[in-house]
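The structure follows.
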């Protein structure tokens, strides 16, 4: 019995949300039921993820492999739930659970009718499943399919609100993301042409032997992957779709898009870079140089652009761009500390950014004002929301005791180990800029005169979601234990593979 | 050990002063007389050669140390006497000026501080009391709170503070040069780092020199001394500048009195001598041109301090034979204190009755103030150096010392001797002028308030008695006090060098008389020709130069501030310009994306797509052409190889 | 040069793929009609599909259907073709979704011209 | 070590309690503030006494996977003592100052929180803890800076927080570098970098100094300090003359003596450059001060200058220099806070903030201006005041280190200080007694009492420096 569960865990964590997503539209008329179902599914999912993580931890990072349909590796599709997958799925499941908590009783005003809400949940679950799949799959073409599923569901979420800007943003996103997918597919094609394999492990082995026969194709593959995933993960200057998309989506969608979706693509890129090409090839082609340049540019540009935004959600969206830069930069550090820092940063940013977007959504819907100046004095009226926002902001800035600090610390350590100081300076400059664009919000909320209008904290489940997420920011900052360990193992694994 | 109580007595007085309501007792008087009596009794043994030291055993780095050797004892008794005299004078005088309570409190505090300086046993304790003295005495200067007083107090405070800071730095240097701070009265110091030692000496001399009114650091002195009420002026001029001289003597002690200076220090004697001469000349020249009695006296303080500094210089210069000069200096310290106090008190008497100190508006006042005029006479004669009065004794000694130095054959010393004589003439001239314009001459039509001022005259009388006594028995003071003091300082053979001097010989008296007569002549010519009214152009005077320097520094600092401001502005401007540039570049990736390339305007999605394609193309080009990782495998090579 | 030409002729499907890709990209870039942009995307995808399928091709290979008694020993690789089926499905769904969005935009703005929409939007923003 | 925890917690607990006391219960709140301040002071005295006696108090744990150590050594204990004691005075002064003003609750909440943060900085036993509390201090004091809520205050607050965070960022990089070089961030025992020899360490030193130099207001990094003078006067007095800026100076002392260690420092050529930057700050700060008309700005620029005294002492790498730095820390804080208190009393009760309008003000506030005058003498470094001793040992240290030009710089700075403040004092007493109808006299006693007591303490320690000497000696013995 135990072994059945254990063996099927990798596929369970992917299938569970997808399955619920498929049955959900049948209950579309009964919103309570839909919401309950989603929360139950999410709870089950998170339990599965936690179990997976505990197994991986107890096995010291040795992954659980699962051959879909019983077809063994070179021919069939293989799922490989290692520490990277476990870490990422755990965070996806956790954040989606909290987001669906937040979405309870709350979505209709943003999205519309019950049916639309149900469809919205479908999209959330689909996205969750796709992201989980990206984390565990070991097959390249599977990556493409999952990326497409994720892209489409993201676009759906972006277009969920009923005004023109949403459609526009969704269309832009769709076109650009499809371009990105095309490039990813092209990259996969190049790999396949060279190696004849779609399984990452085999492709990687083959690539190691034959890359010198056709180095130019490897170049093409590299550049297609980088640009393709770069578009999707919104690195500068390919981020142009993100602010519109993330700021026009409903609050829970923004939280998931910024917190999770972008991370899924980053994880894919990470796996392809390290598991398929491997660090030897990366060094051979000096890919890390590109990553460093792009990462630092993204950090600076995203932060400065965020600084110029008046709308809270746009500011947060640009901040996401900046934070992606950190992770991108972390990928360039071919050492355990840097990589585990990047992974931990990814986790902490997922939690922090979803907190920020949820809190921002609550504030905006309470005041009806999207501009930062419209939030004057709400710190007293909405104590919990603003407190959660503050905690998350401090986490993002990288104040010790909050989760962002640990990620930044390891990134800095990694960059020291890689022998580069300028990126470290950029990281810190990014933090300062982060303070510059987030603290004014807090200042306005707490220290400006209180308005006459009556605004209140959102409902109970929203409050619970915010409190739990904010607490997670602090807990990750104080006791990062298992997460850090998983990130560490994942980093080691990525580096050891080749 | 009991002598340590001396500085404490005035402090008790201050406490009582603050507590008491009625004015039944003159507390400064009580304090003065107590200190005088206790000091004379307690310090008598010092002259027998057993110095006193006391260390306050406080834990920590600073253990105030006190010592008393003959020099300290002389000055302590002098201080006590002067304060005693002035305290007799004060109540009556201050009734006229007002603010007596504050004045008396300051007086007591200053009394304590001055006693502290004279009994301090280490440099830091000395500095402590020195600074205290500065602070407490500045209230005298500012007592009148008019423009002149405020101006004067600024001068006074700034110079004193700078002096104090110099002393502090000098002490630090001394500590660095000798490892252990030398004790005051501890004799010659063997420095471990002679360069720092010299530096330290320079700083200490400058620090004490400011207090002593040494040219060019004397600029504060005329302002401060003339702005204070008469008792304050008397004490400032009579006593407080002597603290500077005392300090100089003590500093000289570190280098060693009575021995040839080491190579680095051998310039100290000439330098001090020249500074002294400059001080003398500058003081007396300026004094001749003054119309205000108090300023005239103040400039004479500068001039007389010049005598003392010159003597010290000569003493250093002469080495073991400098006993005469040093004794002369000590003697002159005492004498100057007496007659300058008397002069200021006398002018004060005139002032409270006429409200006037401008000499040209006074005249013929002996009719109104016969007693005062009579009591002023010994002081005037004393400062002019008339035989039979106290100034004569010390000036003769110094003159002998200068002549002796000139006889060593050093050329410039001859000039020093000539200038010495000329300053004597100048002194005589200016005091002739003072006394003539004030008491003699035509009666001016000035209103004179009538009231009896016995206590004022008693105070002056006390001083006059002492002055005349010294003048009559000039040998007494050196024998019982000055020579032991000088010997204790290290001039072992001081008594021998002094033995050759007899005060009552013809040539000295004659030369002094000549000097006096010349002085009167000069005064007469000056008054007749109106030279005394002519003010020299400001750039020629030291005040003017000082002012110019001050303005220069101000202008310089303004310029520097301007420069700094413009640099800051420049940096800020360029920074903000850079930020604007960055914003405008990045703004293209913000909300409205469009760009025009070659006539084709790309907007919205087209622009975004273009970005992607450019990125892709860039990467491909990067990999093909400039990828640093593959430097040895070039594109063409690979194509062909493939 | 000769080698280069030879390579070109041998690998003509790949070059066709590249040309398709470029045509698609240019369409997306220069056409301001949203439909045409979408079609451009589809053309780009076709280019990639072609590349994949060409990769599976083996010169002289037969259709990979095993028949009893067939003497052919060389089959073309069926896997890329199978993958491309999936790809085409994905591309169709993307196209469908995009068409729906274009419809919504048309309803909002009354046009499907990207430049026009951008103008209207910036005008709206200015207001 | 319960004392340590109590000392740290009293501020936090206090601020939490204050936060829940409603706005109207002023008396109760003041009592609570006083109680918690006193508790903090009491326990930090106990800690300090134990530390000077040679006992070691240490709390170590792990936060976020990092070692987190609190273990005051003598230097930290001295800083803790200064901060907590002056906090008590400032609290009493604040009661008078804040009486009848708005937003008292937020003021006192953050006032107490900042106490904890400052004590945390003082008692931190490794770089991580130091960094943590350093950041916390920034955030705890930010609401105090913007307490007036005016546009100017907001601007100042922004500048303050951005400067501070940038500095903290530089420190973070430096800590990471240190950690990756040595794997150790502890202050106890040998200096962290002892035994390393590399010219690259110069750049590490730059990072550290830029980082802490922001709070210590070294010259190009000082611009937040004058701007932050829009804060209420007790805040300016306590935070921007003592606690916050001292945390920067303290950080640099730590870096020099605990991270690099004096032996390593001697080999680094950049220390000369820094010494000159510091000397420049000493002079330029006070020269700029003389050109300010607003009293608080004048004081602020003077703070810039005087903070660098401490740093100069640190950079002499001599026992005397260190003793001077510690001595100056102790004595300067008392007098500077006095000056600010006086400025606050004047601006509160006469509304005059400009130096040029302060003629004759001393007739109205004789005690205040007398205290101001005495403190001014201390700023110059004249003897009966305790600052002389700081300056004396600083000069001694610089001479001993062969850097005697810096002794001249200190002297020159004393002169310019005199130019800067003596006219204020003298002008204050000129003229006739001004109109004494300054309507509200509330709390003047509460404001005056701490001021005068501080002056008396300063005078007393000036006459008997032995009173604070054990602390100085403990610090010097710890490092030399």
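The letters A, B, C and D name the chains in turn, as written, and every chain counts its residues from 1.
Quick note on the criterion: a residue touches a chain if its C-beta (ideal position, glycine included) is under 8 Å from a C-beta of that chain, and two chains touch if they have at least 3 such contacts.
The model shown is predicted, which means the values in this text are computed figures rather than measured ones.
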{"item": "Chain whose Cα mean lies nearest the overall Cα mean", "value": "D"}
{"item": "Whole-Å separation of chain centres (CA-atom averages), chain B against chain D", "value": "35"}
{"item": "Centre-to-centre distance between chain B and chain A (centres being mean Cα positions), rounded to whole Å", "value": "77"}
{"item": "Cα-centroid distance, chain C relative to chain D, in whole angstrom", "value": "68"}
{"item": "Centre-of-Cα separation between chain C and chain A, whole angstrom", "value": "28"}
{"item": "Contacts with 2+ other chains: residues of chain C", "value": "28, 37, 117"}
{"item": "In chain D, residues with contacts to at least two other chains", "value": "none"}
{"item": "Interface hub residues of chain B, defined as touching at least two other chains", "value": "591, 604-605, 609, 639, 642"}
{"item": "Touch relationships between chains, expressed as pairs", "value": "A-B, A-C, A-D, B-C, B-D"}
{"item": "Interfacial residue positions of chain A with respect to chain C in the complex", "value": "141, 144-145, 148, 151-152, 155-156, 159, 164, 167-168, 170-171, 174-175, 178-179, 181-182, 185-186, 189, 192-193, 198"}
{"item": "Residue ranges of chain C touching chain B (in the complex, touch as defined)", "value": "3-4, 7, 25, 28-30, 32, 37, 114-115, 117-118, 122, 125"}
{"item": "Residues of chain B defined as touching chain A within the complex", "value": "582-583, 586-587, 589-591, 593, 604-605, 607-609, 611-612, 615-616, 619-620, 622-624, 627-630, 633, 635, 638-639, 642"}
{"item": "Complex contact set, residues of chain C against chain A", "value": "21, 28, 34, 37-38, 41, 44-45, 48, 51-52, 55, 79-80, 83, 86-87, 90, 93-94, 97-98, 101-102, 104-105, 108-109, 117, 121"}
{"item": "Residue numbers on chain A that touch chain D, as the complex places them", "value": "394, 397-401, 405-406, 408-409, 412-413, 416-417, 421, 424-425, 428-429, 431-432, 435-436, 439-440, 443, 446-449, 477-481, 484"}
